[in-house]
Amino acid sequence: MANGTLAVRDLSVSYGRAVQALHQVSLDVPAGSVTAVLGANGAGKTTLLRAISGTLPFHRGAVEAGTVHLGDRPLTGLSPAAVVKAGVVQVPEGRRVFGRLTVADNLRAGALGARSRKEIAASRERVLELFPVLAERAGQRAGLMSGGEQQMLAIGRALMARPAVLLLDEPTLGLAPLMAERIADTVREINMQGTSILLIEQNAALALELSSTAHVLEVGSVALHGPSPELAASDEIRRRYLGVTDEPEVVPEAHLRGPVLERWAG
Amino acid sequence: MSETLRRPAFWALAGGTALLLALPFYLDAFWLQTGLFAISAAIGAIGLNLLTGATGQLSMGHAFFLAVGAYGYVYLASDDGAHVSGLGVPTPLAFVGAVVLAGVAGGLFSPIAGRLRGTYLGIASLALIFVGQHLLMNVEGVTGGFNGRDVPPLELFGLRFDDSPDLVVFNIPLGALERLWFLAVALLIPAAWIARGIVRGRPGRAMNTIRDHEVAASVMGVPVARYRAGVFVLSSMYAGAAGALLALVFRRTVPEYFGMFLSLDYLAMIVIGGLGTAAGAIAGAVFVSVLPQLLTRFGGELPLVSAPGTGGVSPAEAARILYGAAVVAVVLFLPGGLVGLWTRLRLRITARRRPPAPLTRLDNKEQPA
Amino acid sequence: MKLTARATAAAALALAMGVTAAGCSGKATGGSGGTDSKGVKTGPGVTDSTIKIGVETDLTGVYAPLGKSLTQAQQLYVEEANAAGGVCGRKLELVVRDHGYDPQRAASAYSELQPNVIGLAQFVGSPMVTALKSRITSDKMFTIPNAWATGLLGTEQIQVTGTTYDIDMINGLEWLTKEKGIKKGDKVGHVYFEGDYGESALTGSKYAAGKLGLTLVEQKIKATDNDMSAQVAALKSAGVTAILMSAGPRQSASLAGVARAKGIMVPILASNSGFSPALLGTPAAPALLNDFYLTSAGAPISSDLPAIKKLADAYAKKYPNQPRDNAVVNGYTNAAIFVDALKKACESKDLTREGLIKAHRSASSYDGGYGTPQNFSHFDKPATLRTYILRTDAKAVGGLVVEKGAAESELVKNYKAPAAG
Amino acid sequence: MRDELIVSGLTVRFAGLTALDDVGFTVAPGSVHAVIGPNGAGKSTCFNVLSGVYRATEGSVTFGGTELTTLAPHRIAALGIARTFQNIALSRHLSVEDNLMLGRHRLTKAGFLSAGLRLPRARREDARHRARVRDIAEFVGVGDHLAAPVGMLPYGVQKRIELARGLAMEPRLLLLDEPVAGMNGTERQRMADVIVRARADLGISILLVEHDMGMVMRLADEVTVLDFGKRIAGGPPADVQRDPAVLRAYLGAAHEPTAGTATATEEEERERA
Amino acid sequence: MSTFIELVVNGVASGSVYALIALGFVIIFKATEVVNFAHASLLLVGGYLTAVLHDDIGFLPALAAGIAGAAAIGALVELLVLRRANVENHAVLAIVTIGVDIVLTTELTRRIGTEVMSLGDPWQNEILTVGGVSIPHTRIAALVVAAVLITAFLLAFRYTSWGVAMRAAAEDGEAAALMGIRLSRVSLGAWAVAGGLAAVAALFLTVFPTPGLDRSTSFAAMKAFPAAILGGLDSTTGALVGGLIIGLTESLVTGYQGDLTFLGRGAGDVAPFLVMFAILLIRPAGLFGTRELTRV
């Protein structure tokens, strides 16, 4: 498996030329590490992954400036397929398994970038070892599985391409806590087997527990970053995720400042 | 009023109308005829553009509604004959009736027009062409069957839109074509004006939103299915007017004319001219109607085009290839069509005259898909 | 209110400008009529040196094969006529316009031709002729259509040459009963095109079937139907003893092919548009050579009439490798009829449109040596009631030979063609 | 009671998966009620049912006594229920003014005929409503952009136009779907300010889906918390903030296993894709 | 009775040919969401190449060349036109394919000119008669070839990597791209396969009992439109069933037109569209089509 740090440098991304989504974001995912990115909805987390995996054009987005490298190999400007080939595979948010395909076909779809049958067989073995449930359900349509099983399939499908770096977008989203815990265990396991992981997660506690380093994105820029245990200890994070923010309170008389809107008389 | 006189749009409008009114005094029959086809096509294309351009609904059945308009006029205006029947309604009323009939026909299709969207409707409406041709051929009492029917000339306030009685103005004889020209212009201008009013008004906003974001439209209170059906009816009425006018120009309706290629021509018109606006429809209609005539007339002087019957690419074939290619080229290189090109040119000119507006500050944000 | 004011102002201004512009027009009243130095009255299309003859044909549409043969034959005739000195001291010139079987383009082409030609020696496609009929009438444009539908009769300016489809079918059906053993009580199939070609023929076959005590099994098809299996299946189950075919060559080929392959060996009799020699090069050839007949008002190009022999040779010389089909004869003879009328008009010193039509209508027994003599003096009846029965023959030029010479049947004598108004 | 929104026993299932399971809450007239919950908890599904985009499998939603679950979206809009979209759903090529004028659709009458002929009636109506739309635009702070095509404007402005379009419907109940998602501090502040003033000036009820807890705590009178399609808590913000079930749902810490709950559905994820 | 059986066999045979065309149509729609109105011209390309080449290189190589040629032109259309068209409105993309169709059809009919071209098939006008029912060999060949091709296609669709890629891309393009599937290749492949299928259909539309390829052949391809939409534009099964329904309707209505005069004579061409209307009224997405899910 390819090695090297996934390095994002000064990345700026915009949608439709007018909407800037990322502004000079830099971060590293050292080989063999788990790096987490936290942030609110719309902070730019998913955009970051899209920029790495080359899927911005699906959303009329484009990299305006900055680079992404895996080791010394530049990834910016590559097609999604080329990025997969380079060893970086993304598990999309919301799993997005191919619901009308069987579990086995979903796994095959993940291996379409691979070179040899032998490699595919080896990958499959590894995936089924990680997720025995996928072997039991091999012939079933993926759409009929539970959310947790779908998440396992989504991760397994990505692993079929034998990635050096796995990009995980909200893997525990909408999952029951027990299931979330299981997914977390699997992520740990995958990482132990040598795959670096860039983890995007709203569940801050879980993300910080899993990762060695974490970055907090806010409005398209990195607002905070540091070793995960340090961040986990900070009040900052707790407040952020419980809604106590550093923004000033709304003054009740606020409306007196703006124009008044009369009721519409019809 | 003086402010009005300074507006270039006013002068353009007045000049354009003047030109349209003066043309019959100069053009020979061939160009008048071509022009009349172009004007009728423009009326039909404006209607289709309301449907396809403004509302995002594809229709391949436009030729059917043209046929309803054409035959509707003939049926209403003709007297009962030996083989064919008619209602003998005064001709101006028959013209209005034809437009209404086309609308009714569109309304009968509304269970499908309201429920299907976009290209699905396109294929479904293809059926109208085939069903329509079948009816035109078989309902002989109304349509005259394969032979078609004579079209009674329109008579408006004592003026007959026909070659006789003679009418000479400025020493120029105004025959049927010249007279019809004025009628056509008198129909085109309100047709475009009404379409513009609709697109820019309340219905237009609803139509555009159905095209851009159907759910948003419905949540804002737009009854989507009813609107889709309504626009379909409206576009059918435009087609009906175009069809009735065409019938007057032809002076005879024949079923062959209202086939699939006619529908395709109309789609080509609105794409080439520019989707969504009346001006685009008119530009496209002129392009598609006049191009083959230009090539037929001057084809001999063009390279690669050879006279009919001598082998090689004939003018008619060259015209078809050219306008097929124009459809592709416009979509690939000229989004907005001919009218879009004009707008951009105009923007470039005004931009040179005025200092550039300050750019809005780019606030950030991720745009979810 | 401002808007209305503006609109009114614009309208008034437009009207003023338009009126001013119109006043300066050079498009003045009056036609191009006149009288030349020899006292010959002339009209549109005629100058001192040329006579322009219009041709509205189909070179790119569904009837392109027909249009091509017709036009080439007429070009040939005009060349020969010019080589022989032209007409009235003037050269003839064909102005060819291709309408691609589209009524709109035909109308445009007509508008273009109308002021510049004396008449139309060829007009392909009865829908197009029908669409322009009222203008042809009001322009007094002498027109020879290349369609033989009954609906084209009844107009002084339009000359359908030869028989109409209904006449052919009546003559043909009577011939079948006389020569092919079809007898009273039999069922006869008729496969016909939607449109005036097929339905004119149907009028004739219905009339004849009624008189002969036959039952007609009708099968209407469209020009785009190329596979006649379902029709043959229906005819077979009806048990027909002969099949009439008023459609295109492709449909004839398919029909004959399927019928023969299914062992239906009844005679097939097609209208004159139902065959093309090109078909004898396709797998359908054996079927088409088996008991397949064609009705025709004109002699086939394989005929041994001297005039037609001469034409066949000249055509082959001028257009080598082009099929020599019956359309060649038809186009050529129509040109001859047209030019003959021009010559007569010249003699009576009237080369106007009215003069041309008058000259043409004065010919009550025209015979250019191409077969049946024709009577052009009345326009509500076909010019002749005689029909040739042709038989397919792989060796013959044009793939057809005469089975039975031109003849008028008993039935047709009392038949009155329903001319359309 | 007039203008009271009552949701009871609301259940939505897609292809066997339960997106909402027996959810109930009440929005008092003139109050701000927030629905919160982790991603995939069923908030958007809930909004889609309220606005008629999705059909409820079971349960009822009434507004001022009218049952909504059987009504088409435009009928619900006609009752004075407006909504915004989390993922901006404006017509990019139309001007801001025209987008806002669409909000007036239910309040205006001009049809094909009167708009096409520019009848005085239609023109008067248009002028009157344009004036109102301008006021609303000023109120929301997008008055400077009225003539610009929406697609050319920054995201934050588009979000405000979404809100303005909702207000342009002169709603009695306004459903706001993550109105400040993806905004920075200042923008959030301005948006919150607008929402507070709108409620004060117009006296409308607001149902709010929001992730930004700070925003929710400041704005809401009442909070309903969803998790896995179920209502797990509800009450005044301060109480909810301390609810152990809520802490668990948000922080994923110290949880006890929940028995076999159906998980979020495909549908729910699609919406957010 | 034998008439009925013959009509049914004919209907099934021509229906299976329509199904081939409709299948190509559906594949393109699934892979790219484009309704391809240029499908008829792809058919003409295949038929024309086969007709021109069969004298020199023999029937099977000519057919192969026709299939390859139509596939190549299909791929070229994707590569040169649709890939470059950057429009949101799918109706516009459909209109672009109309433009392509006009160009291709005009050029091909110009080349075909006035000829009726034979494709040089080995079956000629042989007929098999079983118990009073006679069936042309070409019909049997059409049935067998269509059945084999459709089966092969469905198997490939289900079991090969290409099929997995196609299905994955059709279901969720972005997720497929994230798995390393090259969407550009998938859509290129879809157009090529559709072209190839159309070329095979061209063969069976022009052999006995039809005299050969000429300019009107492309009209026959129009039947595939109602077939595709009544089956459901995004369903391969739908294309198959739709093709059969259209073929049978056409054959039976034509065969029994004597008993169906109330429809007007010559209703065989219209009946398929009436059936389509009826089905769309009940199921707007067709028999097997998936209803579009509203996404907000």
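Letters A, B, C, D and E mark the chains in the order given here, with residues in each chain numbered from 1 onward.
Keep in mind that, in the parts below, a residue touches a chain if its C-beta (ideal position, glycine included) is under 8 Å from a C-beta of that chain, and two chains touch if they have at least 3 such contacts.
In this text the structure is predicted, and so the values were computed from the model without any measurement.
Colleague: Look at all chain centres (mean of CA atoms) and spot the one farthest from the centre of chain B.
Modeller: A
Colleague: Using each chain's Cα centroid, which is most distant from the centroid of chain D?
Modeller: C
Colleague: Taking the mean of the C-alpha atoms as each chain's centre, how many Å separate chain A from chain D?
Modeller: 27
Colleague: For chain C and chain D, what's the span in angstrom between their mean Cα positions?
Modeller: The mean C-alpha positions of chain C and chain D differ by 72 Å.
Colleague: Please compute the C-alpha centroid of chain D, do the same for chain E, then give the distance between them in whole Å.
Modeller: 47
Colleague: Can you give the whole-Å distance between the Cα centres of chain A and chain B?
Modeller: 51
Colleague: Residues of chain D that touch two or more other chains: which are they?
Modeller: Correct list: 53, 85, 87, 89, 118, 152-155, 182-184, 270, 272-273.
Colleague: In chain C, what residues contact two or more other chains?
Modeller: Counting only residues that touch two or more other chains, chain C contributes 60, 68, 194.
Colleague: Of all residues in chain A, which are in touch with two or more distinct other chains?
Modeller: Within chain A, residues 15-16, 18-20, 42-43, 58, 96, 99, 219 contact more than one other chain.
Colleague: Which residues of chain B touch chain C in the complex?
Modeller: So the residues of chain B touching chain C come out as 1, 4, 10, 13-22, 25-30, 32-34, 37, 81-82, 137, 145-148, 150, 163-164, 168-173, 177, 249-257, 261, 292-293, 296-297, 307-309, 314-317.
Colleague: Can you name the residues of chain A that touch chain D in the complex?
Modeller: Listed in rising order, the residues of chain A that touch chain D are 15-16, 18-20, 40-43, 93-96, 99, 143-144, 146-148, 170, 172-180, 202-206, 218-219, 241-245, 247-250, 252, 254-255, 257-264, 266.
Colleague: Touching residues of chain B toward chain E in the complex: what are they?
Modeller: 52, 56-58, 111-112, 115-120, 122-124, 126-127, 130-131, 134-135, 137-139, 211, 214-215, 260, 264, 267-268, 271, 275, 313-314, 317, 320-321, 323-328, 331-332, 335
Colleague: Looking at the complex, which residues from chain C come into contact with chain B?
Modeller: Touch residues, chain C against chain B: 2, 5-6, 9-11, 13-19, 21-23, 25-29, 57, 59-60, 68, 71-72, 75, 96-98, 100-105, 107-109, 111-112, 114-115, 127-128, 130-135, 138, 151, 194-196, 199, 420-421.
Colleague: Would you tell me which residues of chain E are touching chain B in their complex?
Modeller: So the residues of chain E in touch with chain B come to 35, 81, 84-87, 89-96, 98-103, 106-107, 110, 222, 225-226, 228-229, 233, 264-267, 269-270, 273-274, 276-277, 280-281, 284-285, 292, 294, 296.
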